[in-house]
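Chain nomenclature is as follows: A, B, C and D, assigned in order of appearance, with residue numbering initiated at 1 for each chain independently.
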Amino acid sequence: MSTPIGIAVIGAGYWGPNLVRNAQATPGLRLEYLCDLNEARAREVLGQYSTVQVSGDLDAVLADPRVQAVAIATPAATHVDIALAAIAAGKHVLVEKPLAATWADGAKVVQAAEDAGVVLMLDHTYCYTPAVSHLRELLRGGELGTLQYLDSVRINLGLVQSDVDVIWDLAPHDLSILDSVLPEGIHPVSVAARGSDPLDVGQVCVAHLSIELSNGAIAHVHVNWLSPTKIRTTIIGGSQRTVVWDDLNPAQRLAVYDRSVEANDPSTLGVDVRNQTRISYRIGDMVAPALPEREALRSMMAEFAAAITEGRPALTDGRSGLRVLALLEAASESLRGNGVAVPVARD
Amino acid sequence: MSTPIGIAVIGAGYWGPNLVRNAQATPGLRLEYLCDLNEARAREVLGQYSTVQVSGDLDAVLADPRVQAVAIATPAATHVDIALAAIAAGKHVLVEKPLAATWADGAKVVQAAEDAGVVLMLDHTYCYTPAVSHLRELLRGGELGTLQYLDSVRINLGLVQSDVDVIWDLAPHDLSILDSVLPEGIHPVSVAARGSDPLDVGQVCVAHLSIELSNGAIAHVHVNWLSPTKIRTTIIGGSQRTVVWDDLNPAQRLAVYDRSVEANDPSTLGVDVRNQTRISYRIGDMVAPALPEREALRSMMAEFAAAITEGRPALTDGRSGLRVLALLEAASESLRGNGVAVPVARD
Amino acid sequence: MSTPIGIAVIGAGYWGPNLVRNAQATPGLRLEYLCDLNEARAREVLGQYSTVQVSGDLDAVLADPRVQAVAIATPAATHVDIALAAIAAGKHVLVEKPLAATWADGAKVVQAAEDAGVVLMLDHTYCYTPAVSHLRELLRGGELGTLQYLDSVRINLGLVQSDVDVIWDLAPHDLSILDSVLPEGIHPVSVAARGSDPLDVGQVCVAHLSIELSNGAIAHVHVNWLSPTKIRTTIIGGSQRTVVWDDLNPAQRLAVYDRSVEANDPSTLGVDVRNQTRISYRIGDMVAPALPEREALRSMMAEFAAAITEGRPALTDGRSGLRVLALLEAASESLRGNGVAVPVARD
Amino acid sequence: MSTPIGIAVIGAGYWGPNLVRNAQATPGLRLEYLCDLNEARAREVLGQYSTVQVSGDLDAVLADPRVQAVAIATPAATHVDIALAAIAAGKHVLVEKPLAATWADGAKVVQAAEDAGVVLMLDHTYCYTPAVSHLRELLRGGELGTLQYLDSVRINLGLVQSDVDVIWDLAPHDLSILDSVLPEGIHPVSVAARGSDPLDVGQVCVAHLSIELSNGAIAHVHVNWLSPTKIRTTIIGGSQRTVVWDDLNPAQRLAVYDRSVEANDPSTLGVDVRNQTRISYRIGDMVAPALPEREALRSMMAEFAAAITEGRPALTDGRSGLRVLALLEAASESLRGNGVAVPVARD
């Protein structure tokens, strides 16, 4: 193997330690710095047995030629500035979601990275789970048939954030997964969102997003910070099969139901018969595919290294981050309009 | 015990046999007829060992003085006419949901019953389950604290109907439960609904209803005829406790979480701190209350007999049926308006 | 269809009503009597709308030429006498488990039925579930490979009986299922049983049976009347696949794991290496087969009618009842010997 | 805080990395060495960013005065020799289960440690889970009432070992938990064990242990390396309450059922009544206690540090290790005797 890519992790808060751990474990990367304004916090994250360097000076880190890439895990409001600085310094950039607070800001970062010829990648971790990889194959490979509906529930007792509402905090997971599995030719058309703030914290804590897709199907997302039970379930209904992804059931994350419902020719049906069946069911077996056991964050980090080495866009590149921002912005606008459907900007 | 109340079941289709079975088993009732245009079907439902009479002539049944009450389980479109005829004949009426196809028609039936002084009751079966009785106590007794959100999911491979969409078919269950458990002083204000018809059968088969309550909380209902997995789960979040009702888990239908989230005084919080907690959690035990084992339909039928005997409105009287109709009409109007919020008529 | 077979149900206690219901619903049978010493109880079971005759006089019922068959659901201690009387009267006999209190008594009944040329059938209800039918196919069809182990757990808060211990009460289910699914050429060799009576009621309430099979595999049965949680799970391990049957999970009763473990050639393994793998795993998908929805008791009753009509032994004939008795007797003897292995009598 | 205790982890195989990680994270400990004959393997475990020293020379490590304690995670056959060497060098010893291959060898190690005045502790990890701590309180605090039965199932696709059978590999977990939660005055009396080796690897891969307790109750343990589904469930039945521990259900690990069964006075019961109830049930709520989220291995390591600092025996000291060995030896002897009950040696 060639010389490893020097990397610095920026931000030693909630998520940073995960990036530190995975950067250290990824062949092809060499962790040079953990950078945080709070150096003591960074030192604590690394522990007393580590040889990795701590720095509180982002500029110095970006100036170090050993650093070829950065992974940004700072508060959302700082993503754009840090990413732009890193790009200006010629570094490849991995950034935690969301890419930016607005589509327009996100577009600037994407443009800057493209102009600089560096890799810009979003840490859409879920897109690197074996489950989502399998979902993508099922949907894009045609095994599910035509997409009929998608329903995603992500609720738990979550950290109420000071800078974002529950949509901007949790829905990026669902929206990036949606972006990652949608078959060619189907894209979001409009978003209707409603939410409530029962704690009066000034942020919506419970929200429902209804996303109309270009083929008429609806993708629905329910996010909730206030539920004492944790649910992370996505159902994707297709004309041939339906798949249920329960991320909290490690013994059976995916269940593919070989069942379908078909409309009968209405001309063959009589009238005045109650409950008359207008559809036919096909009820076959359920298959829970054997999925490899591998950590999503490890795969994500490996993709970052590979994209840099091969000079190609990452699976969850800046443009996927922009598409997620477009959905989030439409959702926020709909929320302000009490649920009116808002068109989604196309990039 | 006094003379039993003579009853006729009208309709020997999908639901009629359940009413037949429970009418026979209810002390205080005496089943005189099973009435259906298709007499052979009615005879088949009763079986070869029954002494109950079959009739294909509704007028004759209503003219029989032994019949003091009717239970209507015919196609939805016929409910109003049959109910009005029964009321005109001085019979007490139990009718399967929905009461009518419009709020206006339902109001006529309610008015007629009040004028005639007969009991008019909706077969909102779920309201008679031990689980819903317990939910009602939890919410009205204050144990949950303030209602923060309600989320109801009712999805399965269902019979696509010829006369109603999935909202009118399935949501009456959720809406009558909502009506039955809402504390005094909280009522629905508006409904936003979106749905899709991925099979092109001319009826919405997947739908989401977002109901704004008068205290700002949102009650959300997801109904779906096309899901190969059956889910019947309702979460009711309160400021003190949250309860999860999983109707498909007989060993643990209700789970009451003694957990709450409270907003902290924002003036005590600093700035620029990512992920800063603005709320406090209290995490206590979960209690799954022991619920009696009794069939809801049996309790419902007993309530019908008791309401007649005691000359009082039933728990799920005509007015509760009207309130459900008001929500269904608002949902349908919102559906036509692509999800725009529609105010709910107050009775 | 030819003239239906006249049948009488004997015993209106715990199980009799189920036989009454299913006898009425089975084409080919005509229920003539419900017979119980307690006629009032029998009348109550039938209800006020039934045309079926009640009798407290077994002899009279057996003397009625319209009665060609009887279904016995009386206390276990009376099975032998009633069955022998019915056989002597030339009636076909369906009897609830256990056939008798001893193998020797059971053998008398079997012999009598064979001499009289009547059908003798055990109500081993579970053997008629779609799940057990599927298990039988998996095991006998070779899909599972060689049988490696079987583990059956049947525990709940059960009725502590006055006449039998938990082994004779619950284990007949597991043992008749075992008898029904074992492939040709494999039979039980010995039983070791241990149990305890923590309530001091004079009957073992918790017991474990370890049954050695002729191919060296062990079938283990855990029965328990004192468990507040109900578990009914059977795992059958094979060299090619393993199947898990969870009878309390209607959405996924059977799960067939395409996984196998194979011993490696020990000569290829080194020494002194800890945790060295001596086996290889093959981890494939899990399939939950679509099973038909049908009531086992209905199928059982249909098999009784068919065996009579076709003049052939039923699937769970008297000899299967004897094989179960042999296992129960060995278990009781082992229990008295504090778990010493007791050989199983072969018929 | 005073000077940290210098510790060396011996063994960089399957379990060693966990000890390395937790020793590093435990306040009061300072990890000086990872010692393995295979130094490259040890280096790989530490990774390229670690300042911890690698050594292949156990004697040198034991001679280093900075090392005051060792944690042994080598193959089972080497535990005794390494532990004795460490004790001879005056080191405190934490050793992975089993302490030794025989009770006699184990007793030598215990004696040596007591003579040397050093801490000898078993890594019975499960005893440090919040769940087992809670079970211990429930049983010892009397909340469960009298112990009636205990049933433990630990099955999965496991590593078939070259040096131990499934009993010595998996059952130490169940037996140390049993040892840890049994109330004062109740101890194991005899063990009956049966097992099978369906893969012909020369080791029992499926086994059942039936342990008679001094109060007449039975503790049953089912261990199995060949099950494609993982089950880790323990049920502890008491006269007042019963608790179910499902270690694979993080959302509800413990469920305490407020249910009890009581024997009625038999003199009040009649005769000839089938299925007559001889017991009464009390069916109350189920409570799932809120348990702290903490890693068991972290708590175990903290207990090691605390026992050293405070000069006291650890919760899972050498004598608890001996009691587990006594049960394992009895089980092995019973296995050789085809399930005959073998008395348990008392220490």
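Methods note: a residue touches a chain if its C-beta (ideal position, glycine included) is under 8 Å from a C-beta of that chain, and two chains touch if they have at least 3 such contacts.
This is a predicted model, so every value here is computed, not measured.
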Farthest chain relative to subunit A (centres taken as mean CA coordinates): C
Centre distance in Å when subunit A and subunit B are each reduced to the mean of their C-alpha atoms: 38
CA centroid of subunit A to CA centroid of subunit D, Å: 41
Shared-contact residues (touching 2 or more other chains) in subunit B: 229, 255, 283, 286
Chain contact topology (line, ring, star, complete or other): complete
Residues of subunit A that touch subunit D when the two form their complex: 24-25, 31, 47-52, 229-230, 248, 251
In the complex, subunit C residues that touch subunit D: 11, 13-14, 74-76, 146, 148-149, 151, 155, 157, 159-163, 192, 194-202, 206, 208, 210, 212, 216-218, 220, 222, 224-229, 235, 237, 239, 242, 244, 255, 257, 259, 261-263, 266, 269, 272-279, 281, 283, 286, 338-341
Subunit B residues within the subunit D interface of the complex: 252, 255, 283-290
